[in-house]
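I've put the structures underneath this note.
Okay, so subunit A shows up in both of these, paired with subunit B first and subunit C after.
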Partner chain A sequence: MTEIKEQKKEHPKEELIEKPFSDLKYSLYLGCVIPNRYPMIERATRFVFDKLGIELIDMNGATCCPAPGVFRSVDKALWLTLGARNLTIAQNNKTTELLTLCNGCFGTLHEVEHEMKSNPDINQRINKILAEKNIHFDGNVNVRQIMDVLYFDFGLERLKSLVKKTLNLRVAIHYGCHILKPSSTQLFGQDPDNPTFFDEVVETIGCQSIDYQEKLMCCGAGGSLRTGFKDNSLQYTIEKLRQIRKVGVDCIVVCCPFCHLQFDLGQIEVSKFLDDGEEEFRIPVIFITQLLGLAMGYEPEDLGMIKPEEPKGISPFVPFDKLLKKIESIPLDNQVQKIKTNAKTEAKPKAKTKAKTTTKGGKKL
Partner chain B sequence: MTLTIDYDFRKQIRSYNASLDYCFQCSTCTGICPVAQLTNGDFNPRKLIEASLLGLKDMLIEEPKVWYCLTCQKCVELCPQKVELTEIFDVIKNYCVKEGKIPEAFNSQAISVLETGVALPFSDPIMKRRRQLGLEDYKTVDPKEIKTLLKSIGFDKLLRFDTPTTDKKEGGK
Partner chain C sequence: MEKITPNIIFNISNDISDEIIKDEALKIMRACFQCGTCTGSCPSGRRTAIRTRQIMREAVLSLDEVLSDEDIWLCSTCYTCYERCPRNIPVTDVIIKIRNLATQRGFIKPAHQKVTQILADTGHGVPLGLKNNSEENQWSKARESYGLSKIPPTTHAHPEAVLDIQKLMKLTNFDKLLKLELQSTNEEK
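The block that comes next holds the complex of A and B.
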């Protein structure tokens, strides 16, 4: 990944890094899949943000974003109306930043934001419909995605300083589609065919992003494919899973709950498409805030990584056991430091302070 | 099969998205489309654009092919003529719905949003899981507010309420 890193562009919101954490405040938009299918993502995200002292304000009364593939396909007026209504909830919360944890919700809300801000005709039409409910979108809301918040608002420097446990896991990351495209309104200013922000975040917090073929391909759930034509959608997923298995990873890391569902539940569902003698897929899938929490040294239980009481039909579908065992065996960085310091103290008692300085700054294995 | 050109239909698509006119049928979209590769060309974005240019309404709305689009936007990024394919497919899909050709899975999800505000209904096991994870119960929106808002734009008239809404297990984006 070093090769990609060298091409890194200066990002436009660099100055945000200087902002103290306590000033960051977001309206948290959960959508449908997270609270309803993958609540562990909600748990991990709320936990990590709480520990960092960053305020997340709930968006009471929010509806489905509505889903870009399904509802935009059915009726664009509905899509714009409900989307704009959701934006006004962030506005009523007195926040300018709306945080979504989902690529799909981001795709919808960001585009609705864009249309409402840049197209006076649409703005007028939709606000007229909303006026019946005494709602008005004033245009003071920026739609943000978790990766964009981690990359720009937290910033790589600060992310690095949060790491308490260098996991050094081999991870396969999946960007997803709506966070990269359309490139005209993409937040990262990166080429959608050669993005680096996710890799940078994962490597900054101490893991290895392993390249694999078809890394940028859709998870298969997108648009309306999973909803309408599930077997077809699973054909993509199995292809991606095969490529991921080929390179060998500890887990898949995603930044979207719908991709999460497609990779996690999908591993069970693709069983019927396996070739003769092909092994079942059992690659754990985790969300970026779970990986961040683990790297910050928190326990998997704090991040929702526990087995459901009644596992039938409840996520996660691929068990975390192997991954958790590996993480458990990794010591916290300060323990590594202590062991190292102790070892050095025993050998050369006077070199204590020197040992501390050399182990400062992350790489301690 | 005889193909009938529907000029009104063609005009309608172009009025929503004029980028359709720029297409010179180079087939870059089909070459890059993951669905085209997987379905061995059965889903063919170039052909759908061609049919739109020709106003072949019957061909486009009778067959559900257009609904196979992943909206991954690869084609839009690479189109040398900057044709906004996913937007055009949305226009066609919206048109299908107006003609009562809405696939069942979409119909049931749309009804779910109309009735409850969310695409995926909450269930007891998931509420239990939320409590296990130390999360509060999810506060759903007042369904009456959403229903009146959506009825005011005539959304309910687009849906079919006659069939039982069975396929509620999965979500769709």
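The block that comes next holds the complex of A and C.
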């Protein structure tokens, strides 16, 4: 267990941080919710990585991770088998790094990776099943999550240098569960009751992370709860939304599409649990790569933030209008600089002309 | 005066606990001293009937009821109890194992069974949802409007991969466990 943790902690910091962006290469694991329900996340992520010159290789024929909630709960053996099969796709792509944009997919694939690497019994059993389909997991894949890639592979210094537009938005961060716990295999080496990596990233790219009560609580979607007991899962969500509303933010930022769905669609679904006279929730929910793209100065269209008029009934369910209006009014940093320097240069000639006139005047006098 | 009858625990089959600890990592479950930290830190327990400590007790005592108890499905696997357990019991993993055993004995919610059928049919837990003979729906159109391929490069663009995973489902007896209907049976012949 600890071996993996140390290995993970060492290599991104020592080796990868010095690599130029063009050397970074990942197999992109999409999962289910992103490609099939929140394509704007796929759009924003592909766009930002493309602009940075980082190669994302598709994992052709990938299945559901399978979800750590329902599928692990009903049968762990199949869950391990399909998870290992997904890892072999990254292996066939000749990549060592598998990038997931989801906490659930990360939870599954990372645990499968860990079991396959550290438990010879399981490794043998699962590879024996996979052999029937002529596939074999060799163990040369590291499962990564978008936050871990931003924090270690990009690094805070480099993230800071990418910022072209200081948004200064007030944002509520939702970490989610499977990126923090179990802490024994967590990538960040941080206390799951007091993590900072997400806050650090958000503050580095120019926003304010606003603390709120129950910040680290589960969104309620996981563990097959949303599938089996939707009303119970929404009870988690409404609690978090009420706390977020109390502190007042421009948007909620997430690093997991299932949490994203639970907060976005959830705001419509929790309507039936509102107290008498309680206002409906309308807090925009955006994905970390969308926030990064905005901070890099890209247009909301580029980041999937302009919802098409047709078709109807697609995500996001909480409109971005108010947020987009605010972002529109924020100038690029170099324009702010220009305005500042213009103000200075404007001020200078004025002083000169004033000086001139006085000298002129002085001469005249 | 009313007679006091002994409070007898019934339905002890003595195999649930043994089955759980077949998994080496879960052996430590028997060290549970019922402190209740798990229940105290459970976000689900604050809103629902789930009492993690009770589940742990029932599991250690091999009470059959624990498998049919709907409460075991109220955990959102947030791992808070797992992190805080003073005896280092991987509580969440124990609950997952109990759910596995419950499924083997047929205690499963129809909604969960349905999702496994969707996985077998499409390779996804949440599929794009194209109807037969139709090449697009609102989600594929949404993808297109964002400049993405209409069909994602997952099993959706590679239907042969669905047959692969159905084969894996058969090899692990998952199809029988969840009473799945796999259409590939004929095609293979």
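One rule holds in what follows: the second predicted complex is superposed on the first by the 329 of 365 C-alpha atoms of A that agree within 3 Å, B and C clash if a C-alpha of one lies under 4 Å from a C-alpha of the other, contacts with A are read in each partner's own complex, and residues count from 1 in each chain.
One rule holds in what follows: a contact is a pair of C-beta atoms (placed from the backbone, for glycine too) under 8 Å apart; a residue touches a chain by one contact, two chains touch by 3 or more.
As the structure is a computational prediction, the values presented were derived from the model and not from experiment.
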>> In the overlaid three-chain picture, which partner chain does A:E157 touch, first (subunit B) or second (subunit C), both, or neither?
In response: neither
>> Looking at A:D275 after the superposition, I want to know if it touches subunit B, subunit C, both of them or none. Which is it: first, second, both, neither?
In response: neither
>> Output the subunit A positions appearing in both contact lists, the one against subunit B and the one against subunit C.
In response: 30, 32-33, 35-37, 39-40, 42-43, 46, 58, 60-64, 66-78, 81-82, 85, 129-130, 132-133, 177-178, 181-183, 192-193, 217-218, 220-225, 227-229, 232, 235-236, 304, 308, 310, 312-314
> Which positions of subunit B touch subunit A when the two form their complex?
Replying inline: 34-35, 38-39, 64, 67-74, 76-77, 89-90, 93-94, 97, 102-103, 105-106, 109-110, 113, 117-122, 125-126, 128-130, 132-135, 138-139, 141-142, 145-146, 148-150, 152-153, 155, 158, 170-173
> Which part of subunit C faces subunit A closely enough to touch in the complex?
Replying inline: 43-44, 47-48, 73-80, 82-83, 90, 96-97, 99-100, 103, 108-109, 111-112, 115-116, 119, 123-129, 138-139, 141-143, 145-148, 152-158, 160-161, 164-165, 167-169, 171-172, 174, 177-178
> For subunit A, which residues count as touching subunit C in their complex?
Replying inline: 30, 32-33, 35-37, 39-40, 42-43, 46, 58-64, 66-78, 81-82, 85, 129-130, 132-133, 177-178, 180-183, 192-193, 217-218, 220-225, 227-229, 232-233, 235-236, 239, 304, 308, 310-315
>> Using the touch definition from the top, list the residues of subunit A that touch subunit B in their complex.
In response: 30, 32-33, 35-37, 39-40, 42-43, 46, 58, 60-64, 66-78, 81-82, 85, 102-104, 107, 129-130, 132-133, 177-178, 181-183, 192-193, 217-218, 220-230, 232, 235-236, 258, 261, 304, 306, 308-310, 312-314
